[in-house]
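Naming follows writing order (A, B, C, D and E), and every chain is counted from residue 1.
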Amino acid sequence: MLNIISGLIQPSEGEVLFDGKRVNELSPRDRNIAQVFQFPVIYDSMTVYENLAFPLKNNKVPASRIKVRVQEIAEVLEIEDKLHKKARNLTADEKQKVSMGRGLVREDVSAILFDEPLTVIDPQLKWKLRRKLKQIHEQFDITMVYVTHDQLEASTFADKIAVMYDGQVVQFGTPTELFEAPNHTFVGYFIGSPGMNIVEVERCSGGVCFGSTVLPLESWQVDILKRMTSGNLKVGIRPEFIEVSPISSDDTYEANVRDIEDLGTYKIVTVELGEQELKVRQNEEFDASIDSPIHLSFPKQWLMLYVDEFLVQEQQ
Amino acid sequence: MSLTLENLSRSVDGVDYIQGANLTFEAGSFNVLLGRTLAGKTSMMRLMAGLDKPSRGRLLYKGEDVTGQNVQRRNISMIYQQFINYPTLTVYENIASPLRLAKMSKSEIDRRVKETASMLRIESLLKRYPLELSGGQQQRTAMARALVKDATLVLFDEPLVNLDYKLREELRAELRDLFRERQCIAVYATTEANEALALGGTTTLLHEGGVVQTGPVMDVYRAPVNTLAAQLFSEPPMNMIRGRVTDTEVTFDEYSHHALTQELEKLPPGDYWFGIRPSHIALVPANDDDLEISMEVALSEISGSETFMHVENSHFEMVMQLMGVHQYHTGAPVKVYLPINKLFVFDNDEQLVHTPSRVAGGAV
Amino acid sequence: MRQTRAKNVGITLFILLLLTPVYWLLNMSFKTNQEILGGLTLWPQTFTFDNYAVIFTDPSWYNGYLNSMLYVSINVVITLSVALPAAYAFSRYKFLGDKHLFFWLLSNRMAPPAVFLLPFFQLYSSIGLFDTHIAVALAHCLFNVPLAVWILEGFMKGVPREYDEMAYIDGYSFPRFFIKVFLPMIRSGIGVTAFFAFMFSWVELLLARTLTSVDAQPIGAIMTRTIGASGIDWGVLAAAGVLTIIPGLLVIWFVRNHVAKGFALGRV
Amino acid sequence: MIAWMNWTPTVVVFFVVIAMILAVMTVYEIVSPCTERKGFLPIETTRGDRLFIGLLSAAYINLTFLAVSDITLWVALAVSVAWLLVLLRWG
Amino acid sequence: MEKIPNNRAWWLVLPVFLLVAFSALIPLMTVVNYSVQDIFGPGQAYYVGTEWFKEVLADERLQDSLIRQFVFSGFVLLIQIPLGIGVALMMPKSGVKGSLCLILIAIPLLIPWNVVGTIWQIFARGDIGLFGWGINQLGIDYNYTGDTLDAWLTVLLMDVWHWTPLVALLCYSGLRAIPEAFYQAAEIDRASKWAVFRYIQLPRLKSVLIIAVLLRFMDSFMIYIEPFVLTGGGPGSSTTFLSQTLTTMAIGQFDLGRAAAFSLIYFLIVLLISWLFFTAITHADKEK
């Protein structure tokens, strides 16, 4: 995908548009983009300064401007004291900073593409670099495309995230949308830790059911369901949105606590509702004993209905 | 049946890798070594495995000195960060290889390979070669090979680092279940605090070759012995604030004054470090005596189901961890609330002097 | 795209130039001596296999090939069997004098055989190995073993030590691990090393000629016999030359897929 | 068996001395292993490296004396030994 | 990779050590013995001290062949290294064409050295060789058996033909080891072809090039068989290189003492140069 945007690979179908212009046939050098790779790609015989100046020189930027620009980027990336070191003697994360710097240094780029750039970085440093990138993004205001399998990384920078599944974009939305209304069961599973509870269900009167449990649905959902023929029905609800109360009431379901995982800041409770296992996320003060009953409720606005893996949405 | 490290040290060419470690691992226990890169986790595991010889100290197994014993004669297995499998053997042969070397009967080998493979859900891959598999499958193969021989000591050296986070979540959960019933000693090294919490068992914090703290995971988490332990075992790192306690009030960074209440009254006057976990800072007050501070948003990071918000003002810089997705723009003013009853207090030597009662016991 | 074409033209041209002298040899080997000496012809006018027939029927000719192949094979076997464990030691362990030993080995690769000719002759004569295949094979070890250790060490360094440890933990003994697990992992390194050992042993003549007289005489030495009373027998000489190229071609065909990697001696 | 090697006392002494130096260095190395260090030579060296450099330069010193002067080689030898010691100590 | 200190590794090295010591040390000791004696025949030898060395160092014939040798090796490197790099850059990156190129280019390397000499002996002759005939047809008077310069150029050309493939193949494998990402990055940075070569390919070829230079220097330094077959060292002694001078001295004239003394000086030169190269290589390895 990234390589199609940058032009390193030709798409077999469809168009790539930059600012509305078709660029399919343009080679990467004519597309005005920068790319940062998974592993630091640096010119190791040059100094850090020369590395950063390289794309500018190739673009015939005047020498005085190069100097200013390199200094600027080096400051942002906090490598200004290393400018005159040979690039090969840097540590892995410094190298990656340099290679990011080479992407950022050009002022005329229409987009910067990142291909999992933080894979090689130590977890402690990832925090810092992520923050740095976010700041850079806000400071320079350019289009960035970021590829990652790490959801935290994804949502840190992104205004919008495209979730890819099987070579297809299944949802393109803000982090909030991805979290609150995942468009596809894969998005539900992939975004969030733990992922969404997804349960296979069947049609029942007024809603759907699994085992002996009946889940009532909104009327518009029922309407849509009537028009659909597919039998592949699923409902999803995020562990965060399942409510727990100690007492039974009309809209609660009795479930059995199987396991409680204490993760310090929160707890993940595994419960059994009929035959179905569900994960419930509770804060650290939650307490219950294993094999004891608790009462769950599923707020309707968080209960998502999926037909053929895709979300059923209310028509406007 | 336990493994004891007695004043174990290792140094090569004047560089100390492990300094006088004293630890005991019980059979059937799951132990996590938590520390940053180069904290000595791998060195310690290699000493325990017998791959390296300690410069000083002894290694006792069931009370017997096994310090110099050959690796082949110990019944251990190890799983590496890289996916190490025999590339020239099929998955089946990979898993079978320790058993073949133990001269087990063919049918017994077949039974155990199949059993272990199905436990790790790779039974459909047995005829393939490791390099044809995905990273997760390769690591499952490595685990199967380690588990198939019923080792008395199983060592994991950051086995999940190179996998993506959903797979990590899955395998972590499987691991916990796999070891629940086993009578072996499992030792697991990781750099991530969350992983240690998710795996449970006993946690040992390592830093620069030394043991900082050891104990059941929740004990260590709730009562870190010093600021170092608190920082190591908190992700994002615990927020630290300088403060002074006088007879009547506590002052944070000579800026925010607060009347002494509750447990803090017991502290003798003086300078302290106050620590608060990112998850305990809130945007809404939970108690009347919560400390209110006006800050500005520096960055808000959203991880699927939670938000890490970096806030700052001229005096403080803090990270807070919020449930759910919250989008704030950089520079937006916010009021944050620090619950006084969840503050950890460390003295000037950075030793823990006060554990917040609200957090220590767990239950409300 | 224009650039690719320029490159293709360039490389084709280079290969053509490279092959012309070889073609000329081939061309001559199918000519009669009259035609060779009679004037320049670009291809054989009277195509003949006679020159080859001479070589294949005369035992003193074809024995030369057999001798060469025999000592080269012995050399490859010896080289590999001693170099493998040594390269393993160099790639895995630090030991007393390792660097100096390594350099000393390499310096033998660089020592000109001319320096050693006479002592070699006397050494092998004194232990009764003169004019045997094994003598030539051993002598060629002088430069092949250091090279083999060097190449193999490069390849072995590329195998993470975790593999060794895992095998020990699994219960492998060292020899078993080495043969069953380790060697298959560096197959291509071994292939390339064998190729280099073959090549340098096959093309070397100075030592081979000095250490043999009749029984183990290499083909290269026999070729000088084409100078008879009536001058040089060019046709037979060319045919003999062509035949010396063939074994090399076969060997490189077998290892062609590993060669690119191996030519860097595992050191890139 | 070794008659063809034409041994002479001088050469025997020469090789015995070399062998002894190597043996002494080996024992020394076992007793107290040395680490790389940087002296006046442009590269980091170990004790063994310095010995090698010393021996090689000793050979060149002797050859130079032979080539350009008629002074007895004992002088060249003395210079070489002095140079070797300097190298080992400060190189 | 961190190496483990373990002196028992010596057992693994021992076979190599013994084998090479047998082939290298005993002859070396013998040569040292010869170099201090005047030998007339078996059992007839007189101790002469350092006389041979003194003579050899003053011998103009030897000095000449030494200088000739350095000039020759210099030219060999000057031509073959750039040419080899150029060929490597032109070779197809992979596929059937790639391996075909590889095999064809490797052919000269696999030809026994005396056959190489023979091939060129024929090829360069004015009457029956394509090359010599062609040059003569162009109106240039060329005769490698008679003219010093022609002989020189022919030997050089033969060496270029014979050994450039080695340099090319070394560089080719070096180039293949450069990850694709570097080219992509350069493409995106809009680097010119020259910049790609100068800043990506050349720096990454460094370690292979050191090996190439080392091997080429050493092998050209001990070149013997090929010029011997081609020109016999002539005309005069214009193409008589070190090894040949030495071999003639030791075997042809049975001047053992002088030859031995000369061998030792020769050996010392080689030792010094190879040490310099070796140090360069190990330092290049370390930097990585």
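The criterion applied here is as follows: contacts are C-beta pairs under 8 Å (C-beta built on N, C-alpha and C of every residue); 3 or more make two chains touch, one makes a residue touch a chain.
On a predicted model such as this, the values are computed, not experimentally measured, just so you know.
The minimal number of chain-to-chain contact steps leading from chain D to chain E is 1.
More C-beta pairs touch across one of B-C and A-E than the other; that pair is A-E. In this assembly, A is the chain whose CA centroid lies farthest from the centroid of chain D. As a whole-number value, the distance joining the C-alpha centres of chain A and chain C reads 57 Å. Here the spacing of chain A and chain B, counted between their Cα centres, is 25 Å. Computed from the mean C-alpha positions, the centre of chain C lies at a distance of 36 Å from the centre of chain D.
Chain D has residues 4-5, 52 in contact with two or more other chains. Counting only residues that touch two or more partner chains, chain E has 5, 26, 30, 34, 271, 275. By the definition given earlier, chain contacts exist for A-B, A-E, B-C, C-D, C-E, D-E.
Those residues of chain D that touch chain C in the shared complex are 1-2, 4-5, 26, 29-30, 46, 48-49, 52. By the touch rule above, chain C contacts chain D in their complex via residues 96-97, 99-100, 103, 119, 122-123, 125-126.
On the chain B side of its complex with chain A, the touching residues are 36-37, 164-166, 169, 191-194, 197-198, 200, 218, 221, 236, 277-279, 298-299, 301-305, 310, 321, 323-325, 327, 330, 362-364. By the touch criterion stated above, chain B contacts chain C in their complex at residues 49, 51, 71-72, 76-78, 80, 82, 84, 86-88, 97-98, 101-102, 145, 149. By the touch rule above, chain D contacts chain E in their complex via residues 3-8, 10-11, 14-15, 43, 52, 56, 59-60, 63, 66-67, 73.
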